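There are two complexes below, and they share chain A, which is joined by chain B in the first and by chain C in the second.
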Partner chain A sequence: MSRLAALLSACLLAAGLGAAPGAWELRFIDQQGEPVPDAVASLVPLDAAAPPAATDRPEIMQEGQQFAPYVTVVQTGSIVVFPNRDTVQHHVYSVSKARRFELPLYMPGKAEAVTFGEPGVVVLGCNIHDWMAAYLVVVPTPWFAKSGASGTAALAAPAGRYRLEIWHPRLGKPLARDITLADRNAPLGYTLTLKPDRRIRRPTDPKSGGYK
Partner chain B sequence: MRPGFPLFLCAALAAPGLRAAIPVGLSASASWVDNISRTSDAATSRDGARYEATLTADLNRQFARDWFLNAGLDLRSGTVPDFDRNNALELGPRARVRRKFGLGPFAPSASAAAGLAYRATGLAGDDGWLATAELRAAKRLTETLRLALSGGWLEQYAGHSTFDIRQQTARIELGWDVSERWSLTVSHGRLWGDLVANASGPVYASALAGGLGPAVQDYYNRIAFETSHAYGPGWVSYRVHARADVWSASLNRAFWDRASAELRVDGAAVRSQVGVRYETDSYSLSLALRF
Partner chain C sequence: MLRFRRFSTRLLLLTLGLLATALLATYVFVTRANRANAIAHIEDRLAADVKVFWTSIEFRKRFLAESAKVIARDWPIRTLYLQEQLDLTTLRTTLASYAGRLNTDVFATFDEDGELLIDAEASLTREHCGPFRYLIRLADENAWEQNSDFSYIRGKLHVLIVVPLYAPEPNIIGWFGIAFPIDDEFARGLKATTQAEVTFTSGLTEDTKRVLATTLTPEMARWVADQAPKELKAGGQAMVSRLGAEQYVTLYAPLELLAEDPARITLQRSLEVELAPSRRLARMILTISAAALFVASLIATAVARGVSRPVRLLAGHTRKVAAGDYSARIALEREDELGQLADAFNQMTAGLAERDRVRDLLGKVVSPEVASQLLSSDLKLGGEEREVTILFSDLRDFTSLGEKMPPAELLALLNRYLDRMSAIVEQHGGVIDKYIGDAIMALFGAPVPVPDSAARAIAAAREMRAALAELNRELTAEGRPPLAFGIGINTGRVVAGNMGSKTRLNYTVIGDGVNLAARLEALTKEPVHRATIIVSEATARAAGLPGKLRPLGSVAVKGKSESVAILAVDT
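Moving on, here comes the complex of A and B:
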């Protein structure tokens, strides 16, 4: 918590600038001061049970031999569809504790659905194309948001007590703190100490080192 | 080789529907080769440039949970402007079956590959079939380091026995993804088998007459050789049994997902069974595109 306190710097940039009741803007920057996209913030209610998951079925597609989007957030119990919009086969898998599954021999045009019933981070990969990776963050609440390219995320939830959880693929440990959300909330700025991006590189055509 | 077939291949692969299912690759390289003539006599050895263009078509299929098939067709054209008898055109299919042992990028894999190509050259006796096979084991050590071990076999069934060769190779290869765009690959290996070497007419005549010692004289009178004019009038091509240390280092720059450039250095230190040495080094720049 003390680490969180050190990272958390409230910046009253636009207090009272027309924020809707219970709406909250979070701004994420890294240690170099650059905006951080794909940071996930969620509000887990402390005094009441969270409403059930919505019935929409978010997609994580395979296109151009990449997953898109790179980071997806869903509520526990959600069904996620994995359409293969590529011209090649994939073998989508996860070995994460939160959900282990495999979609081998996954032909172009297929779109299977998978239910995610446990909270946690599900790391997705393709066993044919090792550089393909994506994250599915399953949270036990319908109140969540993901930061965009500008590093900002807008959370909206009824006033009350929550556990605010912050996650990012390059954050060593998720951040968490208990907060009380009022009808009007000042924007919050977070400085996230991110680890180096260690994604596996997409290979170019390797040439054999033959000698004749 | 009938010239219409490569043209048909190019036209077929350019069709959009076919291209989606069968990715096409095109690469071109320019190389400078020290001792391109693979000559033991430094005073008469020849250096030269070599240009190569390769068109490939690939079919990739996962046919069972951990099994992958890559099948392809390669058309390769090599040009040696200063010694045009060494120009070559190769066309042939290849296939590789790969088994991955587990899920994820760090799971080890093993593969077996085979290929067959027809080779047409400016040397009539060098025309013929080239068969290759390879066993390979690979493992990603970290997000940026890859290690591979391979053993290969190559056999050429040529028009003349001078060019009939059989080789075995063992190689270790380490790849390092330096950054998002740059990668470095180094390899070292050992080759055993037959190689075609060349000598100017007077040098070879001297060897046959004992000018390089009795062991070389005896050996050179037993092996297959012919006057091929491969690197000049009167030059002789001959087949030796040899052992070679081969190594390479390549620096690759990806421009985007489908284009890359590579700067590559290859070296080979060959020692024939009678102790004659042939050193060859090659420096090349290549561009590769995938469609």
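Moving on, here comes the complex of A and C:
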């Protein structure tokens, strides 16, 4: 539940960033027709330079031996904070090309901040908890959105020519197309061909002895 | 022993009995051999299955130990271990992560002295970890890279493995203890490999016996646990037992535990499954046996009929022959012994008929005594010398009588005369040797010896004379001319026996004594003697009558140097 709440808040956050009149709605479904959450859409301007990144510091926290949120989107140059709100230590690392870093074992209550200067997908892991994984998508634009539980995302950007990029953790290659935004735009539907979910199942409450 | 009146019944029962016995013996032997084979085969396979179990255990132990050694070289676990304040909560979640990697349910860490720190599920206490402590101490003392054994964790049978945690090698900072359970899932895995039912049991006494893991139903597993033998050799012990509706061959093999009573691995294979092909064979044998018995009964019945029908026919014919009917003949168109028997029977019947006919004829041709002696088995050529009284009689002037009479009438007269005379001879124990025309040659004392042959001959002669007088009265009454005869009797040693060729024999006597008798008969024709019956002195002496007869002096006899005294029998 905490993860779902985090996702919702992230959606709201994303919607807040693009709080402009005439938000453009994107709808994502998978090959089974189910709504797809955690799909990331970004609009990279083709004719002008993108505005600089906001100064707020998004968080990817560790709680209940999980990262939250699962998918986070930031503009290039953002600083992301990794607070340990758990009862155990964590060892956060990334070996992704976009940003390699390591936060060796750090205690509950501590927080570390990392700057992400290159666009790309940063996959986060915990060295001592194999099942912990999260994605940080770094995009060179302030106009981005992430789909919520209903599979919809709202983009709000000035009218103009953009490259629309779609990414999802289970999508093979990101999808990209050039589009021209008007003041009002009809909603756009996407059917994403997703790969199977390979996330590691983790032991639940040790006393129950099962897996979820 | 049962007795059957009918041969066919006996043959049928004998044949079927023998065949059924042989088939039953075959069936029993084959069934028992197959069962013994199946049991031996299953025992071999179960022994191999136990090896599969040990190989599987060894493989998993090695896999887990090698994996644990790789994990023990992870950087963060060593960092965690060496933090100033040991963070057991973080350590526990880290172990849970490792347990996920190895897919094992027990993953614990120990300090360098083998004391429990924490396990992935935080469910072990120090009391549970005696076996781990023991394994760690042994590995530490012997500088082993790993150590493992069977033991119970929380009452469940596990395989325990310990590996050291280096920082860096060879500096040991603690130990990993992992374990995998010997549970129902493991048993099912072993069954998938071996196709045998697998049960693990513990306890050597009645109240501690229990099922640790099984592929069987709870009831059957309970039974297996109850039957587990207390003492076991290293190779285990096999037994045949019935579980539910099926028979199983069960192999109990020992499983030594750390500081505990040994457990048992029990492997079972269905005897029914193994026996299924031989059961089919047994059913086939039974079917073939039934068919063979049926066919054999048909054949035996046919053979018995083939034998008993001609035998009954023969029996019927034998009864006819016994009743004197020699006309019956058996027609059996067969080449075998019965056919030969029928031929022999026909020949015998023909022989009997011929013999009967011969006996009949013989009685008419020769005297009954001679006939009987001829028919008796001691018929032989040659003869023996014995004392015999020979009687010769001859009609006077019978030849001239024949010229006045038709032949048939003459013969009738002659036969009438001979019939009476012969009857008298036979009444006195004499034997008609032969008829020579109207002459009669009779023997007394041959072929059957009699002591008073001479007296009998004289008595017969007297009666013949009286009979002739009687016959003459009859002839006179009939208007025919009377007959007259003379009789000569002599007693002497002669050769008696069957004489002739191989195909035709006559019993007779030869010798001078015979000639003398004929000579004496001829002397009765001489008027000077005035005698009808003349006997020699030998005869008179033999009859004990020399003084009572009228001496006629002596006559010279041809072939003898001395003359012979002769006497007349007048009255």
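Here is the rule we go by: the second predicted complex is superposed on the first by the 180 of 212 C-alpha atoms of A that agree within 3 Å, B and C clash if a C-alpha of one lies under 4 Å from a C-alpha of the other, contacts with A are read in each partner's own complex, and residues count from 1 in each chain.
Keep in mind that, in the parts below, contacts are C-beta pairs under 8 Å (C-beta built on N, C-alpha and C of every residue); 3 or more make two chains touch, one makes a residue touch a chain.
If you're wondering where the values come from, they're calculated on a predicted model, not measured in any experiment.
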Chain B versus chain C as contact partner of A:Val95, first or second or both or neither: first
Larger contact residue set on chain A - chain B or chain C: B
Which superposed partner A:Gly125 touches (first chain B, second chain C, both, neither): first
First, second, both or neither for A:Pro104, with chain B first and chain C second: both
Which superposed partner A:Arg198 touches (first chain B, second chain C, both, neither): first
Touched partner set for A:Gly64, first chain B, second chain C, both or neither: first
Intersection of chain A interface sets (partners chain B, chain C): 65, 87-89, 91, 104-105, 127-128, 130-131, 200-203, 206-207, 209
Chain A-facing residues of chain B, complex: 20-21, 25, 27, 60-66, 68, 100, 103-105, 107, 140, 143-144, 152, 154, 167, 169, 171, 173, 175, 177, 180, 183, 185, 187, 189, 191, 244, 246, 248, 250, 252, 254, 257, 259-260, 262, 264, 266, 268, 286, 288, 290
Residues of chain A touching chain B in the complex: 64-65, 87-89, 91, 93, 95, 102, 104-105, 125, 127-128, 130-131, 198-207, 209-212
Chain A-facing residues of chain C, complex: 74-77, 79-80, 83, 87, 89-90, 92-94, 96-97, 99-101, 105, 120-123
In the complex with chain C, residue positions of chain A that touch it: 65, 87-89, 91, 104-105, 127-131, 200-203, 206-207, 209
